[in-house]
Amino acid sequence: MVRDRLTAEDALDRVTGALGERVVEARLNHGQVDLVVEADHLVEVVTILRDDIALRCRFFTFLSAIDRSTYNFDDGGGAGEDKKEKKVGTIEVLVHLYSPEKVFHVNIHVLLDFEKPVCPSITGVFVGAEWHEREAAEMFGIGFPGHPNLVELYLSEDFEGHPLLKSFKLPARSFVKDWPGAKDPDEAAAGGR
Amino acid sequence: MALDHVDERLERARKPGFGIGLLKGMLVLLKHLFKRNTVIQYPEVKQDLSPRTRGVIALKEENCTVCMLCARECPDWCIYIDSHKETLPPKRKGGRPRKRNVLDRFAIDYALCMYCGICVEVCPYDALFWSREFEYAEYDIRQLTHEKERLSDWMATVLPPLELEEGAELPGQAKPATATTPAAPAPTQGATAGTPASTSSSAAEARPEQVTEAPKTPTAVPEASKPATAETAAEPAPETAKPTEGLKEATEEQQMDASATTTPEPAAKIDAGGGVAQEGTQAEVEEATAAETPAGPTSSAVTETPVAQPPAPVKPTPRPEDLEAPEAAYTRVVEAQKEAGSSPQVAEARAKVARVKAERALTQARAATPQQAAADPEPSGAAAAGEPEPAQGPVAPAEQDDPVPAQGPVAPTEQDDSVPAETGDEPQGAAEPAAEPQSAEGEQPEAAAEDPEAVYERVLAEERSKGSSDPVATARAKAARMRAIKGTLGPADG
Amino acid sequence: MDIDLTAWQILIVKLLIILTVVPVGALIGGYVLHKEMAHMQHRLGPMYAGGWHGWAQTLADGIKFAYKEDIIPASADRRVFSMAPAVIFVPVLLLFLVIPIDRTLIIEDLDVGLFYLLAIGSVGAIGVLMAGWSSANKYALIGALRSAGQLIAYELPIVLSAAAVAMLAGSLSLVTIVEAQDWPFILWPPGIGLALFMLFILGAMAEMSLPPFDMPVAESELITGPFTEYTGMRFIFGFFFAETAHMIAFAGIGTTLFLGGYKPIVPWGPLEVIPGIIWFFVKTAFMIFLLLWIRFSFPRLREDQLQKFAWKFLIPLSLALILATGAWILYGPGG
Amino acid sequence: MAIKDPELQHLQDSSAFADEVSEGRLVTEQMLLNVGPQHPATHGVFRLLATIDGERIVRAEPVVGYMHRGYEKLVEQRDYRQITNLISRMDWLSGINNELPLALALEKLMEIEVPPRAQYLRVALAEMNRILNHLMFFQSFAAELGAITPTFYAFREREDIQYAMESVTGGRMHFGFFRPGGLKEDVPKGFIAMALASIRKVIERLPDYEDLLTGNEIFKQRTINIGLLEKEVAYAYGVSGPIGRGSDIDMDVRRDEPYLVYDEFDFDVCTAPHGDCFDRFWVLLHEIIESAKIVEQALEALPPGPILGKVPRVVEAPKGEVYIRTENPLGELGFYLVSDGGKRPYRIKIRTPSFSNVSALPHVLRDTLVADMIAILGSFFFVLGDVDR
């Protein structure tokens, strides 16, 4: 039940206070705490968030990943100020925790190297993360050392490639049939199908 | 905080009873043994579905100008359209031949369709409607592709939209008027639809009286169109394409209020009371965003063709005195547009439209005040100046506010429907079948006083005096001359 | 004029009677099942088959199944697989031999009628096992084992309650049992009579694996239990006819044992005029209505709960009732 | 036949086997039972790989992915209106609730102000859809336990509500009615009366359902203390909705972080402490009453006015990221919308309630009976479209 509801600001202060230097960057985004954390600090951060009495982020909402390789950071609005560094971390794991008592959200962004993304598994802290990590692994090709059985969740064994990466082109329907809307209004070719 | 009172009941519920619960359960069944059943015996008794039910999509061929928006917007790629270009003889002797898109094939493959209604929503010319028929199952999946003949047959089963709940407010109106759209009497010959009034008896007990009672009795509710004076945004603001209730099927007059140029961001002025984008049917403005466009057709931004669709119920015509003179409207809008930063052509086009609107309201007010004569129906969508290049889409907004709806593109059947309550069922001559927008605008054909050539010189001089640029002046003069030849009222000679 | 037939011919006539009356009864029973279920669930039930209120619905089902292809699974044990439905259906037919429909209208008035009934009633369990085992399907196997365990567990309450009735009537012949009963049928002897009746009803429902005892046929778990692999005529006879005919048979037995068979409900003058057969059908119809009513209103018990309910509750209760009836006979008003 | 069980390999030769049996130990091998993917107890295509020993389940491993349509990839190719119709097919029992988070996320990014009438109507339609969803699960749970009659009572009620919603949106399951900024159309005359009538009929008939099921001894025996899900485990798996509230998790987005106009209505959040099948069912049934209360308040206080805010014709979300969550009938549905400024989202992470709820199944199913597995699966209200996205 909701004990003492925190406003976004003091939730941010509490989180930064509790985590100290483990966090690369912390800010508020639409009333939710946004943290950028290094991969090796992740398990520590998640454990603190869950166990710290002042925070009690006990509800594991989800873990997923975002492939920001084609995200246009240029016009400044990108997630982080230093755009150059952002370009490197173009794939990130996103962990979202929620504190039912204090009613505030924490988004943890873990920036990973694009070629070989590896992020420690948090199934030790939240056992529910197992399925989420299996999905992120098969969809983004992220390695999760420490995961009990990292097998595919949705896709079949013989599926090559990682579908949710931007590089994975969705096999468009165009080779099945061409797009009916392709005709321009004024030169609509007569005698279509 | 878990609720305590629930806990007692929960704890009591969890204690094992001694068969009493079983008996209570059995009594519930016995009770139902003697209740009247609520089952509709389907084939004999049909459920009286709402006109909004998404059963099948019907096509009104006359309205389709092959703008391909629906085919592009469809997420499932299930609309196939073919058309060819035809050159039509000039409208009048002096005019140049006009090119027009004629529909060859318009097919919807209902095997793929997911009935989302994006096409019906996105169609700028109200050519697609929802009909509530759903009994068109086939044995062979190929027959599920309905060609345009069959789609037109479905038009017979399209029902007029429903009256709105009291609080409903149309975007274009300040006061919440229950703008009903007195529509054509629901076509009773709809094969299986059964008259909407016949609510299935056995279901009546279970279902409160079905919403659509008898075919909408058209109530001459103050038509919510914008009286000229109130309407400040005279320029062709892409004001709400569809009335709030977006039930365009029934708006008997259909307007093509296309802003002349592809305004990237609609310089829309918010008219009273409503948001810019009409609530339901946002005409799809952005360029075709086909689902996975393989190469992404580099189609030019299709002209944003918001279809102005003010409800067409009869409006109390304001007195001529308090209407703004057309010329004043024209000048006012040009300045407004200039400092609003739009390009000269945009400003000028908008001003022209505003002038036509103002003048139209003026003449209509003048015509309506002496007697409730039904202006002869001017097919809407008439292009004020020059014929609409197909690509660019119809230009002039012929906002037809006259009491008698102009040729009803929406009329389900070819027979033009008029507002029954308004002036009786005086059969309107069916508008020319071809959707070729008649270029004449203006309503009361008065005998033109002067001969065309004199009109030409006079207008040319006038325009020059007013300082408009040369091409504009000649264009206006020629237009005036054409009108004189045709003998309709021009904007200037209001 | 009386026709003198040899014993054989009488036997054939009797069998013919059974072979016609029981399937028709099963059809009617099926129809009543659909209709009652429908109206209890606030709907109409079959309306179209055969005209007014779909009276021919079960007939249509039967014909439909007859046309269905008769598939025997490849890995099934063919002979046992094809024999199983017969082993289930024939005992149900034989039950009708001894049920007295009217004072004289009884096919075979055995003086050990009740004993015969109970013996034939338990043959069905073997058929179910045969069906489950032979169709080489995991679900069928589980269904069969459950069904066998259940039939055996609930055999006892029926036998014991029937025994108590036999004690009260003093004979095993069904006709004498009916004669021995008089007016307030199940209410006499007070308490015991009603308890015996409830016992019999629960036992019968478990025998026929009607909900709440339909684990072997649990749709959501084992689809149709031992009969998952059966199609066509085998399915009809093994499952559908057997179940409905069984229901009618048990309703008949229940009427004869507890509700006073062909005797009028109230021994009041004018009611005596109505022939016994009418009374028998009225009471059986009530019994069928009761059985179906229970069937539609309850979820099913779990397998172990069912067994626990039988061994720990029903059987001790029936033993106690036997004791009570004995005491009643000795020290009660009769003794 | 060969013994597959690794521990029992030493019994391959018959002599060792004979000694085992002679020592009185019954040698049984565990059977691998495939429940699904076509199985009446699973709500859709879902396979449970259960290793059973007799009738006791040793380990149950759900195999998902049969319904995986790849929403998160599809969504990156579609514009926002097409997405609205797409995601209403995720949890197909609550079509309109699925569309809500997308509309809210876009309104938050584009700072659109939604007129009050639209907000009230959204709440009313969402709650009516919640009642439809709950009635459906009330019926399917009862059917799985063997009671067939609740099915028809539940559908009788659903029909009226669906009819009312169809007269507004045009569809019965997939509505496609919410737009960023408001609704597609306004409600027809008579809708309020019809909706309130159908809601009141549900409330008036709930005591029947209580007698039919909750009071029923057999039902209690089948569900009490079956399938226990502890509170901490539920938190760890992210279980929310009626299942979470059945395990004493007092969380309801409508009350904790009120979106739309939920803060203007008074309704209770019903929770139950024990975390077994009975409690989950109890919470589900009582949420119907709460939803009905909300619908009544919303429709009676429906303000006049337009139903669409100021929305540009082309819905283009500005750059930015936002996580919006709403109380879907099955739990917390959240959209993490990353927008690149175009007409199409750059990425949407769809956090569906059933995905997390079902991931807690193996924990609950350990050491239960086969018949209980059916009760537990029935009491875990999940829809496969939600699980597999």
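Remarks
Chains here go by letter, A, B, C and D, matching the order in which they are written, and residues are numbered from 1 within each.
Here is the rule we use: a contact is a pair of C-beta atoms (placed from the backbone, for glycine too) under 8 Å apart; a residue touches a chain by one contact, two chains touch by 3 or more.
Small disclaimer: the values here were computed from a predicted structure and weren't measured.
Listed by label, the chains touching chain A and chain D alike are B. This structure's chain pair with the greatest number of C-beta contacts is B-D. Chain geometry summary: the mean Cα position of chain A and that of chain C are 63 Å apart.
A separation of 39 Å divides the Cα centre of chain B from that of chain D. One simple way to say how far apart two chains are is to compare their mean CA positions; for chain A and chain B this gives 44 Å.
Separating the CA-averaged centres of chain B and chain C is a span of 68 Å.
Annotation for chain D: residues 77, 149, 153, 156, 212-213, 216, 218, 221, 250 touch two or more other chains.
Within chain A, residues 1, 170 each touch two or more of the remaining chains.
Residue positions 40-43, 296-298 of chain C are each in touch with at least two other chains.
Interchain contacts give a graph that is no line, ring or star and is not complete, per the touch definition above.
Under the touch rule stated earlier, the contacting chain pairs are A-B, A-D, B-C, B-D, C-D.
Chain B contributes residues 1-3, 6-7, 10, 13-14, 16-22, 24-25, 27-29, 31-32, 38, 47, 49-50, 52-54, 73, 75, 114-118, 121, 130, 161-171, 176, 178, 206-209, 211, 238, 244-247, 265-266, 270, 273-280, 282-286, 289, 291-292, 304, 306 to its touches with chain D in the complex.
Listing the residues of chain B that touch chain C in their complex gives 22, 25-26, 28-30, 32-33, 35, 37-39, 41. Contact residues of chain C toward chain B in the complex are 36, 39-44, 47, 293-294, 296-298. The residues of chain A lying in touch with chain B in their complex are 1, 170, 172-174, 177-193. Residues of chain B touching chain A in their complex: 1-2, 66-68, 71-74, 77-85, 101, 104-105, 288, 290-294, 297, 299-300, 302, 390-391.
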